[in-house]
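In what follows, a structure is listed as C-alpha cells, so that the remarks can point back to it.
As written, the chains take the letters A, B, C, D, E and F, and residue 1 is the first residue of each chain.
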Amino acid sequence: MKLITAIIRPFKIDAVREALTEAGVTGITVTEVKGFGRQKGHTEVYRGAEYVVNFLPKIRLETVVADELVDQVLAAIRHSAGTGKVGDGKLFVCAVEQAVRIRTGETGVDAL
Amino acid sequence: MISRALIAAAFLGVSSTAHAATGEIDTGTTAWLLTATLFVLMMCLPGLALFYGGVVRAKNVLSIFVQMYVSAGVIGVLWVIYGYSLVVDTTGMVEGEYSFNSFVGGLNKALLAGVDPQAAASGVPEGVLIVFLMAFAIITPAIVAGAFAERMKFSASVLFLALWFTFCYAPVAHMVWGGPGALMVNWGALDFAGGTAVHINSGVAGLAACLVLGKRTNYPRIPMPPHNLVLTLTGASMLWVGWFGFNIGSGLAVNGQVGLVMLNTQLGACAGILGWALMETLTRGKPSALGVASGALAGLVGITPACAFVGAGGAIVIGLLTSVACFYAITDLKHRFGYDDTLDVFGLHGVGGIVGAILTGLFAAPSLGGTVEGLDIGRQLLVQTASVVFTIVYCLALSWAILKLIDWAIGLRVVQEDEEEGLDITSHHESAYNA
Amino acid sequence: MISRALIAAAFLGVSSTAHAATGEIDTGTTAWLLTATLFVLMMCLPGLALFYGGVVRAKNVLSIFVQMYVSAGVIGVLWVIYGYSLVVDTTGMVEGEYSFNSFVGGLNKALLAGVDPQAAASGVPEGVLIVFLMAFAIITPAIVAGAFAERMKFSASVLFLALWFTFCYAPVAHMVWGGPGALMVNWGALDFAGGTAVHINSGVAGLAACLVLGKRTNYPRIPMPPHNLVLTLTGASMLWVGWFGFNIGSGLAVNGQVGLVMLNTQLGACAGILGWALMETLTRGKPSALGVASGALAGLVGITPACAFVGAGGAIVIGLLTSVACFYAITDLKHRFGYDDTLDVFGLHGVGGIVGAILTGLFAAPSLGGTVEGLDIGRQLLVQTASVVFTIVYCLALSWAILKLIDWAIGLRVVQEDEEEGLDITSHHESAYNA
Amino acid sequence: MISRALIAAAFLGVSSTAHAATGEIDTGTTAWLLTATLFVLMMCLPGLALFYGGVVRAKNVLSIFVQMYVSAGVIGVLWVIYGYSLVVDTTGMVEGEYSFNSFVGGLNKALLAGVDPQAAASGVPEGVLIVFLMAFAIITPAIVAGAFAERMKFSASVLFLALWFTFCYAPVAHMVWGGPGALMVNWGALDFAGGTAVHINSGVAGLAACLVLGKRTNYPRIPMPPHNLVLTLTGASMLWVGWFGFNIGSGLAVNGQVGLVMLNTQLGACAGILGWALMETLTRGKPSALGVASGALAGLVGITPACAFVGAGGAIVIGLLTSVACFYAITDLKHRFGYDDTLDVFGLHGVGGIVGAILTGLFAAPSLGGTVEGLDIGRQLLVQTASVVFTIVYCLALSWAILKLIDWAIGLRVVQEDEEEGLDITSHHESAYNA
Amino acid sequence: MKLITAIIRPFKIDAVREALTEAGVTGITVTEVKGFGRQKGHTEVYRGAEYVVNFLPKIRLETVVADELVDQVLAAIRHSAGTGKVGDGKLFVCAVEQAVRIRTGETGVDAL
Amino acid sequence: MKLITAIIRPFKIDAVREALTEAGVTGITVTEVKGFGRQKGHTEVYRGAEYVVNFLPKIRLETVVADELVDQVLAAIRHSAGTGKVGDGKLFVCAVEQAVRIRTGETGVDAL
C-alpha cells in the first residue's frame, strides 16, 4: 500500500475528489494547509504596517491505496488538479506498512 | 388620508401646520427623529454589512464593508451638495399638475443654500431631517451592492453607487415623497415608507447589475455557502430593529399613527418569518436560519409601503404573502432564470417591494381593515400597479445605462484570478481573518 | 407608592390621568417608549441570541437563532390574537378582591377587539404599548430556551415556547401587571420591571426543562467550552444596554422616576460585575470574561424588580449580592445537583430573580435609602416571599406538565446521532461556518 | 455663543432656565437624553470592545473585554462615590476667576449627597444626567486601554484605569465642562463634546502608556495582523452611530442646535472616510477596510469639539483634514518614532483631538460658515492652542506618574511567556474560540 | 520507529489520548481534517441552493513510536476509537528513519 | 527523497522558513495542529467548569528534500526553532518513493 499526499489548490478539491472516485479510490482525508513555494504571495497592509504573506492557502489531500492503483491515482490527480500555472502543487508517494479499519479490525488492503 | 408625501410636504413648507408656522421645536418629535435616524444609519452599518458579509465567502467579506463605508462617505457629501435638493426642492411643482419637477427636484437647496439646519420645520430642526433622509439615500444604493458582490471592481462599484444615487434614487424618491405635484403623489400612489423608492428601486437595479455583470466564476457549479451565518443573522436582527426607525420615522411626526405603524411593522416581520418557515417545512422538511431571517426581512419589505394604511390583520397577510412570494422567487425563479444575484437583492427587495406595493392598494381599504377612507380598491390597485411598473421601467433603463457606461469607461469586473483569490486581498490588501 | 402595576392600570384605562382623559399624545413619552421597545426587541435579537449562541458549540449556534426567530414570529402573532388580552384585559377585576381574573385576563381584547392602535392611552398610542409588551412576551420564553439548548427537537421547542407563553407567561404577567384586582397587585408585591414575571418565571421553567429533558450526551464527561466568547460578550453588552429600555420603559412614562431607574439599573450592573470578578478572584485567582459578563447580567436581573424603589446604595448592594448568589448557584450548586442547564437560565434568571425580589422588600424601605414611604420591612419581605414562592410553584407545575405532554405527544429530544452531529445540520440543513 | 459649558452650567443650577426654575420634566428632552445615554454606553460595550478586540490577536481578545467590563464596573461605582462630584460640583467657582476649583470640582456631591435622581434639572431628571456623564467617564479610560493592549497585567490595567479616571479624566472634564469659573471656560475655549477632555486626554495617556510599557515582544519583527476585521468594522460602525448620542447629547438639550450637531457629526465622519480612502489610494493604490473605518472615526474625533460651532462646509473640511493628519500619524509618524501603540490611540484620538481642537477655532468664525458670532480667529486659535497644550502637558505628566507608581508597586507588564501564550489564557483562564 | 496515523471521530479524541497515555505513548500531534469515505454525508440548503457535503469532520492523530510499541498502540486506538458504526476511521503505519528532539538534539527513540 | 516533518512552536514559523530558504529548500507546507507531549497544558474555566487543555497549538511543517539535503535541513530547523524549553518539538524523517509536480509532470528531485 502507498500513501499518496497531494498538495493542491483549494478550489480544485471537488474536481479531484470526483476524479479519484472514478479511479476507484474509496477514502480520502483532506487538511487545510498553507504552502510556500515558487508561487509568489501577496502583501497585506494594516494601517501602514506591511506584511508579505508567503504562505498561500492549499489543500493537502491524503489517500492510501493499493500498490497497483498508484499510477492511476497519480494521473487522476494530475489531470484534475492542474491549471498549468505556478502553484498547482505536488504529489508525494510513501510506503505504508500496515492499514487497519478501526470499525472491523480488517487489515491491509481490505482496510482501505 | 394621511400620506407620508403630505407630511413630507408639510415639513418642506409647502403646506403649513401650527408647528411649522410658529417654527417651534417639539422636543418629543425631535427626540424620536434623532433616534430614528440613528437606527436607520445602524441598519446600513453594521446591519446590512453584516447581513451581506456573512453570506459571501470569507475572502470577500471586507469588500462589502469597504463599499458601504466609502459609498456612505461619498453619498453623505453629495447629499448636501445636491442630493437633498434633488429630493425635496419643490420649486415649480403644482398640486395635480405635471412638469419637469414632478420627476426631480430643483437645485435651489443645492449646497444647502438657504437652509438653516437649526431652524424648525414641522417641529424638528431641519438638520435632523437632512440626516434622516440622507440615511435613506445611503442605505438604498448599499442594498443594490448585494447583487454584484464578489466580482465587481471597487472603483466601478463606487462610481456606480454614486451615479445610481444621482440618477435613480434621487428622482424616484422625489416622485414618491416630493409632495403635491410630484409624479406619484399626483397619481395618488400609497407608499408610506419607501416600497417604491427604496425596495423596488434597489431590487430592480440589483437585477440589472447581476445581468450586466454576469455570474460569479464557477457559479453555480462550485458550492458557495455563506461563510458565517452568525454575522448574517446578527445583521438581519439589526435590520429588523432598525426598520422601526425607517417605517415609523417616515411619518416625520409623533402622533397616533406611530402606534399603527409600529404594530404593523412588527406583525409584518413576524408573519414573514412564519411564511418562510412554513414554505421551507413544506418543501424541505425543516426551516433554516438563513430562511427565517430572510422571511423576516421579506415581511418587512412587504409591509413598508403599507404600514400606516392597513390593519393588524392586513399586516399579517401582507407579511405572509410577501414572504411566500420572495421564497418562491429566490429558491425557484432565480435558479430557473439562472442569473446570479449574490445576495438576492431582486428576490427580496424587488419582488417583496412589488408584492407589498400591490397589496397595499388592497388592504388599505377600510372594508379589509385599512385606514384609507373612501378608497376605491380597483382604482387604487391600478395606481399602485402604475407606480410599480413606472419604477421598474425607469430604474431598469437607467441602471442598465449607467452600468454599460461604466463598463465601457473603466470596466465592471475584476479579472478572474482576482475573483478567485478574493476581493479583500486583491482590492484592499487585507484579509478579514488572521490566525 | 408608585408601582408599575398602577401605572399600567392607568394606561389601560382603569384609572385615569390628565393625559388619558384628554386622549392626547405626549410626543416625549411616545418617543421614549418607541425607543425603549426597539431596545427590548434588540435584547432578544440579536442580544440574547448572541449571548446564548456563543456559549453553545459551533454545531448548534444556528439552532438558537432559529428558535428565537420562529418563536418571535409565533408569539408575535399569538400576542394580537389572545396574548395581549390575557395580560391586560381587566374585566372582572376589583381592587383588593380575588376572582378568576386575578390570575389571568379575559378575552375581551382578543384579536384586538375594540383596540385602536392609534388612540392615546396615558399619552402614548396603544399600538406602541402593544408592541412594547409584546417584546417582553417574546424575550421571556426565549430566555427559557437556553436551558434546553443543544438537545431539544425543533418542533418540540417551538410548541413548548408557544404553550409556555400561553399558560405560564401570560397569566403570571397578568398577576403582576394586571392592575388593581390582579393577584400580586392585591398582595402588594413590589416588582417594577418583571423580576417575577420575567426572571423567576423563565428561570424556573428552565430548571424544569433541563430536568425533564436530561443532560446533553456526554455531559459533563466531555468538555463543552463556549465556541465563541466574543459573540457571548457582544450579546451580553447588548442585553445590558437594552435593559434600560426594559427597566425604564416599564414605568410607561417619562417622569422624575426614570432618573432613579436609570441610575439604579446601571449601578446594579456595575456592582454585579464587581461581585462576580471578586468571587472569581477569590476562588480562582483571576476574573474571566464569561464571568464578568454573567456578573453584569446577574446584577441586572437582581435590580429589575427593585429599580424604582431603592436608592443608589441599595442598588449597589443588590447588584453585588445577586451576583454573588448567582455565582454560587452556577459554579457550585449546579455541579452538586448535577442538572445540565446549558446556558444557566436557572442559575442566572431564577436565582437572580429570587434574590432580587426578596432584597427589593428590604431596600425599598426609606430607612435603607428606598423610596416606598411607610413600608413595613417584615410584612413586605413576607409579601415578596409569597410572590416568589407562588411563581415558583405555579411555573414549575405548569412547565413540567407542558413538557411531559409534549414528550408524550411528539417527543422532546433529538436522537443521539443528531445531537452528536449537531442541531444545525440535522434540524436546519445548515452549518454556521463554512470555509 | 452657545457653549456646552454654559449649558452644563445651566444644568447644574449655576444659571437657571425656565425649566430648571420650575423643576418640571420635559418629556422630549428626557426621552432624547435617555436614548443618547444608551448609545454612549453602547459605544463602549460592545462598540469599542469589538473595534479593539478585532485588531488584537485572537489570544488577547477577551482581555480587552474583561478590562472594559471591569473598568466600567469600578468607574460606575466610583462615579457615584466621588467622580460625579469632582466633575460637576461648582462650589468655590466664580465666573472669570481662578481658584483650586477651576481645576477640579469639590466633594459636596460625593456619595450623591443632596442629589435627588428624580428631581428635574433643566427639564431632565438628574439621575439621567448622572448616568449620561458616567458613560463618558467609562468610555474615556477604555479608549486609553487600547494603547497598552496585549501586554499589560490585568491588575495593573484596572488600577491604572481607576487612578487615571480620578486624577486625569475627572479634573480635565471639570476644567472643560465645569461651567463659569472652570479653567477652560474662563479661557473661552470651544469644545462642544469633548475634544479635549475625551480625545486629547485619552490619546496622550495612551502615548504615555505605550512609552512607559514598551513594545510588545517581537514587535514589529513578527507580523501581528488583526485577527478579525469583521469585529473591528462592526465596532467602528457602532461607534459611529453612538457618536451622535455623544455629540448631540452633549448639548444636554433638544433645540435647534441638535440639527446642526447631527449634520456636522455625520459630515465629519463621511469626510473622514473620504480623506483616509484618498490617502490610501494615493500611497498604496487601494483603500482598505481598516482604513476607511479608521477614517470615519478620525473624522468623528475631529468634529467632536466643533460640531455645534461650524457650518456644513467647515465640518467637511475638518473631517477631511483630521483624517489626513491621523493617517499620517499612524502610517508614518508611529513607525518613525517606533513606539508601539497597539490600537493607535494616540494616532487617532490624540492627533485627531488636537487637529480638531485647533480647527474648531478657525471654522467657528462666521466668515468661514461658523456660528460663533463675533469670534476673533487669531485670539480663538490662541485659546484653543492653550487648552490643547495644557491638556497635553497635564495629562502626560499625570499619566506618566501613575504608570511609574503602578510599575513600582505591582509591575505593569506580564512576563514574556504569558504574553506569548496570550492574556486570555494566562490572565483569565479562557480562550475566546473553541472548536 | 513507526509513524502511526489514525483518522478518528472528533469526539473520540479524549478517549484515545487516555488509552495512548496508558499504552506508554508520550507524544501526540492532532489535526482537524475532513474525511471522505463510506460514511455518507449530509445535504445543506441555503436559500434553495443544495450542497451535498461529502467531507465530514475527522481528527487525524499522529504518533511516532518505537517498533515494539506498534501493536499495542494500534490495539489501544482501535478499542478507544471504535463505535462500530461506519466512519470510525483508519490506522496507517509508516516507517520513520530518524527522529530528533529539537530542544536537546537527541535522536532516535530517545527523541520521542 | 525524504519527507521531513517538523512539529514546532507557532511563533517560530517565520524564523524556520528563513533558515530553510537559506538551506536551499524551495517548498514547504505547514498545518496548524495541536500537540500533546511533555510540555504541560493549562486549565480553562467557564462558569466554574474546569477543563484541562492538554493539546497545545503547534505548527506542523513538511518539506520533501533530496537525500543529500537532509542533514543540513534538520540542522537548520533545529537551530531556528529551538528555545531550549520543553515543547520545542520534534523532527521526523520518512522515505519518499516518488514526487510529481502537478503543473509539469516532472518527477523525482526535479519535482521539488
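Assume a residue touches a chain if its C-beta (ideal position, glycine included) is under 8 Å from a C-beta of that chain, and two chains touch if they have at least 3 such contacts.
Since we're looking at a predicted model, the values are computed, not measured.
Asks: Among the remaining chains, which ones contact both chain D and chain E?
Replies: A, B, C, F
Asks: Between chain A and chain C, how many steps is the shortest route if every step has to go to a touching chain?
Replies: The fewest touching-chain steps linking chain A to chain C number 2.
Asks: I'd like to know which pair from C-E, C-F or D-F copies the A-D interface, where a copy means over half of the contact pairs are the same by residue number.
Replies: Repeat of the A-D interface: C-F.
Asks: Rotation angle for the CA superposition of chain A on chain F, to the nearest 5°?
Replies: 120
Asks: How many angstrom lie between the centres of chain B and chain F, each centre taken as the mean Cα position?
Replies: Comparing mean C-alpha positions, chain F is 52 Å from chain B.
Asks: Quick one: report the Å distance separating chain B from chain C, using the average Cα coordinate of each chain.
Replies: Distance between chain centres, rounded to whole Å: 34 Å.
Asks: Just how far, in Å, is the C-alpha centre of chain E from the one of chain A?
Replies: 17
Asks: By residue number and range, which residues of chain B touch two or more other chains?
Replies: 26-29, 31-32, 35, 223, 225-226, 228, 284, 288, 290, 429-431, 435
Asks: Give me the residue numbers in chain F that touch at least two other chains, ranges are fine.
Replies: In chain F, 31-32, 44-46, 94-95 touch at least two other chains.
Asks: Could you run through all the chain pairs that touch each other?
Replies: A-B, A-D, A-E, A-F, B-C, B-D, B-E, C-D, C-E, C-F, D-F, E-F
Asks: Name, in rising order, each residue of chain B that touches chain D in their complex.
Replies: Touching chain D from chain B are residues 25-32, 34-35, 37-38, 41-42, 45-46, 49-50, 53, 61-62, 65-66, 69-70, 72-77, 80, 112, 117-120, 124-131, 134, 154, 228, 231, 424, 427-435.
Asks: Which residues of chain A touch chain F once you look at their complex with the stated criterion?
Replies: 2, 6-8, 31-38, 54-55, 58, 60, 74, 77-78, 81-95
Asks: For chain D, which residues count as touching chain A in their complex?
Replies: These residues of chain D touch chain A: 55, 220, 223, 225-226, 284, 288, 290-291, 294, 330-332, 334-335, 344.
Asks: Would you tell me which residues of chain E are touching chain B in their complex?
Replies: Going by the criterion above, the answer is residues 44-49, 51.
Asks: Taking the complex as given, what residues does chain F use to touch chain D?
Replies: Counting only chain F, the residues touching chain D are 11, 14, 42-46, 53.
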